[in-house]
Amino acid sequence: MTALDTAFAATGLVAVVGGVLAVTTRHVVHAALWLVVALLGVAGSLLVLGAELVALVLVLVYVGAVVVLVLFALMLTRAPIGPDLEHRAGPWRTAGSAALGAAVAVLLGSVLLPLSGSAVERAGVTSTQVAGQIFGTWVWPFELLSLLLLVALVAALAVSRIPREAAP
Amino acid sequence: MNPWPVVLLPALASLAGLLLGRDRRLSRAVAVAAAALTLLLTLVAWAVQGEEPVRGAGPSIRTGELSVPLDVVSNPSLAAVAFIVALVALAVQVYTVWYLVDDDRYPVFAATVSLFTSSMLLVVHSGDLVLTVIGWEVMGWCSFLLIGHWSRRHSARRAAHKAFLVTRLADIGFLLGVIGLAAGARTTDLGEVVESWGRPGADDTLRALFLTLIVIGVLGKSAQLPFQDWLADAMEGPTPASALIHAATMVAAGTVVLAALFPLLAESPGARWVLGISVSLTMVLAAALAFAQSDLKRLLAWSTVSQVGVMLSALAAAPIEAGPDAGLFHLWSHAVFKALLFLALGWAAVIAGGTAAYALRGSAAAAPLLRVSLLFGLLSLAGVPLVVGGLSKEHVVAVAWEGAVHGGPGLVVLVALLTTAALTGAYCTRAYLLLTAHVRPQRSSPRLPPAVQGVLSGLVLLSVLGGLVLLTDAFAVGEFSLTWVVITTLAVLVGVLVALRGGFDRDPAEVLVPRFIPLADRGLGADAAYRRLVAEPVLALARLVSFLDTEVVDAYVRGTAVATRVAGRAGARAHRGERPGSAVGLVLAALVLLGLAGVLAWS
Amino acid sequence: MVVSLLLAIPAAAGLWLVTGGRALPLAAARLLSATAVGLTLVLSLAAAVSRQGIDRPWLPDLGVRFSFGVDGIAVPLVLLTAAIGALVVAHAWVEVPEGGTPATFLGCLLLVEAGALATFTARDAILFFVAFELVLVPMWVLISRYGDRHDDQARADAGHRFVLYTAFGSTLMLVGILALVTFTGTSDLRELAAGAGAALPPDRQLLVAALLVTGLAVKVPVFPVHTWLPPAHTIAPTAGSVLLAAVLLKMGTYGLVRLPVATVPDGFARLSPVLAVLGVVGIVWGALVCLVERDLKRLIAYSSVAHMGFVVLALAAGTETGLQAALFANIAHGVVSALLFVLVGGLKQRWGTVDLSVARPALRETSPRLGFVLVLGLAASLGLPGLAGFWGELLAVYAAWAPADNRPRALFVGCAVVAAVGAALAAAYALRVARRVWVGDVPEPEAGTTRDTRGVEAVVLTTLALGVVVLGVLPGPLLAVTADAVARIGGAR
Amino acid sequence: MTDPVPVGVDAVILAPALLPALAAVLVLVGDALLPGRRRWPPLLGIAVLLVAAGAALATGLRPASEPLRTLCLPAPDGACLWTAGPATGTLQAGILLAGAAALALLHDAGGGPRDTTVTTTLLLAAATGGAGVAASRDIGAWLVTLELATVPLVALVALRGTRTAAHGALTLLVTSVTSFALLVLGSALWLTATGDAAFAADTVSAAWGDPERRTVLVLAVTVLLCGLGFKLSLVPFHAWTPQAYSTADIGTAAALATMSKVSAAAGLLVVASALTGTGPDAGRVSVVVGIVAAASMLLGNVVALRQDDATRLLAWSTVAQAGWVVLPVAALSASGIRASAAYVLVYALATMVAFAAVARVGPGPLARFRGLLRRDRLTGGALALALLVLAGLPPGVIGLVAKVVALGPAVDAGLWPLVVVAVVAVVLGVAVYLRWFALLLGEPAEDVPSEGRGGGSRAVLVLGTALLVLLSALPALLLDLLS
Amino acid sequence: MIHLTGPYLLAAALVGLGAFGITVRRNAVLLLVGVELVLSGGLVLLVATQAAGGDRWAAGSVLPLFVITIAAAEVVVALAVILTAYRHRARIDLAEPSGEAP
């Protein structure tokens, strides 16, 4: 265990605990809030891994924007403040989902772990390098990404503006 | 002379007859003229026929490994047989003109008779196994048409059906035998087949097997045991047809075929035994049945079965050096007297209005020619010495004796021949007694046209003098001993005397074996046996197969359709809810399964 | 050029009739199609004589060439197809079934003819497959639109059966062809036949042969994949039945000769015992069903199963004689079954049904010409010498008796014996029909119950009857035409 | 290394993707400047898409040995992130043409959503995504373009505004975001396994040599396939298809069925091309692809047999045909990839014609189509031909050729179980399409009102049918374009 | 120095949790939570690859940025659609069948 390992374990634990609670809590709003915790944990992990920029963007975009949007959506769809009984999953469904989740995790873990090997030197990438690559190598997808965002905005606007039963 | 014209002329006449079918007079002229011309041709051919066989090249066909030359051949005995066939055919054609004068389907009948003649001549002259099969089968078909000519009668339809099916069943053997022989020789040329299988190295077992198969076919066509029953039923056909079938064509064809294959038959003891046993039993049994028939036409039919047995017995028993000609000679003489008898009986039946024994009683008194015809026909049939039938029978007895000396089925045949001689004497006597009985005043007989009278007269003459054919060396028959003449004559006499036990005015069968008559009329129940042993099992099997076809074989197909439909319904039902969540669940479940499949397939 | 026109004329005329000219009145449509089939007939003769072909790239990417031509094996079938095509169009003067416009009906007939001609002349395996599929839709339309109007459900069922069964078979065949093409690197049938599978190891030969044989067996049809045939024949209009029996079934046997026999002879040899046994089972099976079948059309369909059994048996024998026998029996069955179907179709038109259990006046009394042709057809069907059916079946039994050296002799001899028994059964069912229909169960005719044949129907029947007789009396020319090509394929392997 | 890594950008080569993108922006800008004009955006969109398709087709006509490349990194790396060979060019052309056709259907007189600006923008964006994904060779562009091709369609479904459409859009959305998550996960695994952010055969074969990385790679492919399977409507990722098709309006459904499918197939082929580097024993990747293909072909056809609604039948037909699209991919060979491209193009063309016919007759129960061949010869004939092409029966020769081409690589690779399933699927497919075809031939029903008699659907119908006829007569045209 | 075991385990755990979340939630909005978890698993994996020095073109950093942006775009559209659905049906229950019987 190196120091980085320890740090990673701590942030990772936060992420996992946050994740577990986010998917299990019955309070709808709590779920969103726990997601924030999990994402913060993930951001921390990324930081430990040396990707400061990614961690920053994650926090800014996700925690700052997306989760807030989600919370608004929950409000707009009149989510109850207490436990959400209306959308409660039955025991069979919960058990099935748990099995599925576990299977996915085990599958991924068993495939990935043999790759881990011994400790490696952390290869840091500076934000400048990243910026250089984005505007160099990745310029084409980056431009398309802007189109995607534009289209998503237009689409969201159009969708939310359509009147009820616009077409017969 | 090339035999092809002899074969083709009646065939063309048949075709012409069919095409001219609407015009009765024209088709009559064509049929009779062609028959006469054929007779002339055969006569010429016979006259110019030397000792050496003559070949007529056929339209050889290419079929890969197998050579099929389709040649025809002729030799003295075949020329003589061809002559008698043509003669009987002409007699039948002339007779038919009178006999079927009111029949609306006369043209078809005449054309069929021509075709029948042609195919018999083809079998006679065939130098190729395929040609033999062709003639053989076409004759079977023609017999179907002729027997069923009066198809408005149920019994005629049934008889025709039965005749064809029984012979066709036996033909399975014939066909396989022919194919076996051809396959061994890689050719269907008769001469080469005989040569190839006659070589010392040839496989004895196979040869015997194939000949046995052919013998089975012959037994069927010739109505020998166990196929004997169809011929008596075939009496439902018009009398000229019966005359044709019985006298010189279909039933006798087996004799011709086996004579052609005689060198091989003589070397195949197994086939000879089958043939010998069957014909021995048949000739005795048929003679006995003939004696007790209550219908005189059926009596003649059974006598044919018996006489064909006699012909074939010569082939079964004769030693190889004696050759087959004794059988062929009996064919020759049988053709003469049987044609005579049938035509005469047909006349009598017209007079009496039926063929039943009680109806025909005393009908021979109607005309002297009829009486004479019947007398000589029956004398010949009974095998009284010096008339043609007697002469040929003596030759058969002679070769049977020779054969008996050499071993083989000769002894059995000999015993059967003697028994048959006695029985034949008995039933001929009975027939004559019945036909000439003095019972009631005769109705006036219909006038017979002079041509038919001429035909009958000619046949009477031939039945007396036909034996002179031996002077032409057509049939290479040996001497016959006086001892055997005496013995057989005695046997005939015994038969005649036994038949006369009840006096001249009573039916000997009713005197001697009254209770046997109904049984004999039913042919000993052979028909029922055929039905129970062959027809019904086959039909049951057919029903089973039909059931299996729709309910099992097709069930798989329908099952597939049903399974698809059920799967479709299940699939549609599984997607009926259209819940957004389930779609996602499916995706992830599939991810796991596929991942596992992929990963596991790798390691 | 000749071959291109031979294919293009019926195809173009047919296509136009089913699309643009659909609304054409009957007379015009008949005239157009008659012209087309007439030209096709002439061209088929020209093609048979000139033996020219066309050959140009079609799918260069797959190495498939647009290559058509005729050889000894194809010539009889091309002529048969052209002749039958002419006859079915002529039959439109007798009967145009309801169910759609007459122009569509005639167009479908022409399209089937064009597809069959393309199949018989294709010299490329993939092209063969495409041509093989060409006939499916028009034939399906003929069955399911123009078929028997009595029972809609049965009609749809018969059409679907036909098309699905055949699609299954032909796709299997396609897989076989693709495997063959993959293994050998060419799809040219001539090259494939010349190579004769020498480049393929035995197990691959077996695989390819199994796929091809299974696929084609459906079309032939071989027992036990024959159950599409009876409903299709029963439901189809007369012209459809004739085409089905006389042309479409031939595509199956032709395919067997062209593909497995010629290209993977060793693999075929290993399969041939199975095929022989199935062929023989088909002979007996079909004949037995015929003994109890009540519907005359179905009966003839089952007799087709039996007759095709002979063809398959002869093919399985693997000798040149066997191939010759198969090709001959193929043609003979085409003519005979065409004759019987025209006849029975005519009877159905007159009587409404052809149920054998209904007692009817004797055909020979009420309509002698029709009766004569019927009895001729039946005689040919039971293999009477002098008629078409005889040679093929005799030679087939012979071929089975003396199979090629690499076949199990005892098994084939057994098959020959059973086939001979089947021939006797054929007599039994043919006579059954003759007894029911020809001589009738109500022998006293009530005048005018069955119109005798006349006009075009009589011409069609006479032509077919002549064909039956000529093939039976003079088998030599047909056997000679196929002989060279057969020798090249080398049935002896 | 602070400077941006220079890449060469050739706008002409990028035209197939760039033109629709610019047009999308132009439409938005134009709407802002000239609000209220509804007619011109679709027309502009169609025109631009046609031009772009022409440009793509020009790529397709070039020889395979000289693909058009741009976005190339400087040596020594030298990788080009946009590589358009003939197959790519033809696929792009297909996508763009399908987009144009969908746009025409969407704005056909008498139906469709009101806000043409938005719909045109969305469709153009989706077309951009499709054209981009076909040529992309790096994970970044691949991911972005794939989503660009998907997200607008989700919105288009929702835009119809009905209750059922909302439900359909919800289903589509839920599946879409899940599949996106899977694509990301798959890309991450790919990067982990190969260490390469591009889909390249050489890095794949390097990873293939190491058993541990090979396992990761297989999992990556599996996850990517799951993600793409959703877009292709492969079983078991198909459940959204019938809902979305039947709830969206016909133009959107047509876009989903054709443009979206070709785009997804193009995306799959990018991955599959890289996988051809796995070497001779790669046949085992086929297990995963094969299972999916077989399940799609079987389930799609079987359920389609029971559908009585034209759109739903087409939806299930899509599922089945998607199986055929990936069938040759299972062989993981160059010919398999070409075959897949050919198949998806033929499928898309025939399906587009079918949708155009449905648009003219009006969506609804199949019974509406009874006797169409007599009622309306043009529509009936076009639909009949399209159905035969889909069934793979002549005279729809091109459909048959496509099936031959698709089966070839599978036979080549010896995937016998899959081939057997394909044979069964052919039979089932014939049953499916003939069921509909039979209705067309039937007696015309009592007067069924037709809707959508606009010029758009008519043009699509006529042009599509003409193309089908042309390709049926000369199938080599299509196959040549791809190689 | 860092062991890659940690990131890999974290990625596996997050993806597993996400899968659980996606399947167990009937509320459409909460399904997005599960999706975000799966995405963050992917992010961890991408960055881990970069940390191990096994990528080209800084893909380990650039791709996560792209992913985050795309996800944001998706979420925007998703929420719009969900809200529309809610307006129509007053429910966003994923386990609810469509009103239209097939």
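A few remarks follow.
Note that the chains are named A, B, C, D and E in the order they appear, and that numbering of residues resets to 1 at the start of each chain.
By definition in this document, a residue touches a chain if its C-beta (ideal position, glycine included) is under 8 Å from a C-beta of that chain, and two chains touch if they have at least 3 such contacts.
Fair warning: this is a prediction, and the values are worked out from it, not measured in the lab.
Listing every chain that touches subunit B and subunit D alike gives A, C, E. The set of chains touching subunit D and also touching subunit E is given as A, B.
No other two chains have as many C-beta pairs in contact as A-E.
Taking the mean of all protein Cα atoms as the centre, the chain whose own Cα mean lies nearest is C. In this assembly, A is the chain whose CA centroid lies farthest from the centroid of subunit B. If each chain is reduced to the centroid of its CA atoms, subunit B and subunit C end up 36 Å from each other. One finds 62 Å separating the Cα centroids of subunit C and subunit E. Subunit D has its Cα centroid 30 Å from the Cα centroid of subunit A.
Centre to centre, using the average C-alpha position, subunit B and subunit E are separated by 93 Å. Within subunit D, contacts with two or more other chains are made by residues 5, 73, 138, 140, 143-144, 147, 151, 154-155, 158, 161-163, 167, 170-171, 174, 178, 182, 192, 215, 219, 242-243, 307, 431. Shared contact sites, meaning residues of subunit C that touch two or more other chains, are absent.
Among all residues of subunit B, those that touch two or more other chains are 572, 575, 578, 580-582, 584-585, 588-589, 591, 595, 599. Those chain pairs judged to touch are A-B, A-D, A-E, B-C, B-D, B-E, C-D, D-E.
Residues of subunit D touching subunit B in their complex: 167, 170-171, 174-175, 178-179, 182, 211, 214-215, 218-219, 221-223, 225-226, 229-230, 236-237, 239-240, 242-243, 284-285, 287-288, 291-292, 299, 302-307, 428, 431. Looking at the complex, you find that subunit C touches subunit D at residues 15, 19, 22, 57-62, 100, 115, 126, 129-130, 133-134, 136-137, 140-141, 144-145, 156, 159-160, 163-164, 167-168, 171-172, 174-175, 178-179, 181-182. Taken together, the subunit C residues at the contact with subunit B in this complex read 161, 165, 223-224, 226-228, 285, 288-289, 291-293, 319-325, 362, 364-365, 379, 383-386, 390, 394-395, 397-398, 401-402, 416-417, 420-421, 423-425, 427-428, 431, 435, 438-440, 443-444, 474-476, 479-480, 483, 486-487, 491-492. Across the complex, subunit B meets subunit D through its residues 564-565, 567-569, 571-572, 575, 578, 580-584, 586-591, 594-595, 597-599, 601-603.
Against subunit B, in their complex, subunit A makes its touches with residues 96-97, 100, 103-104, 107, 111.
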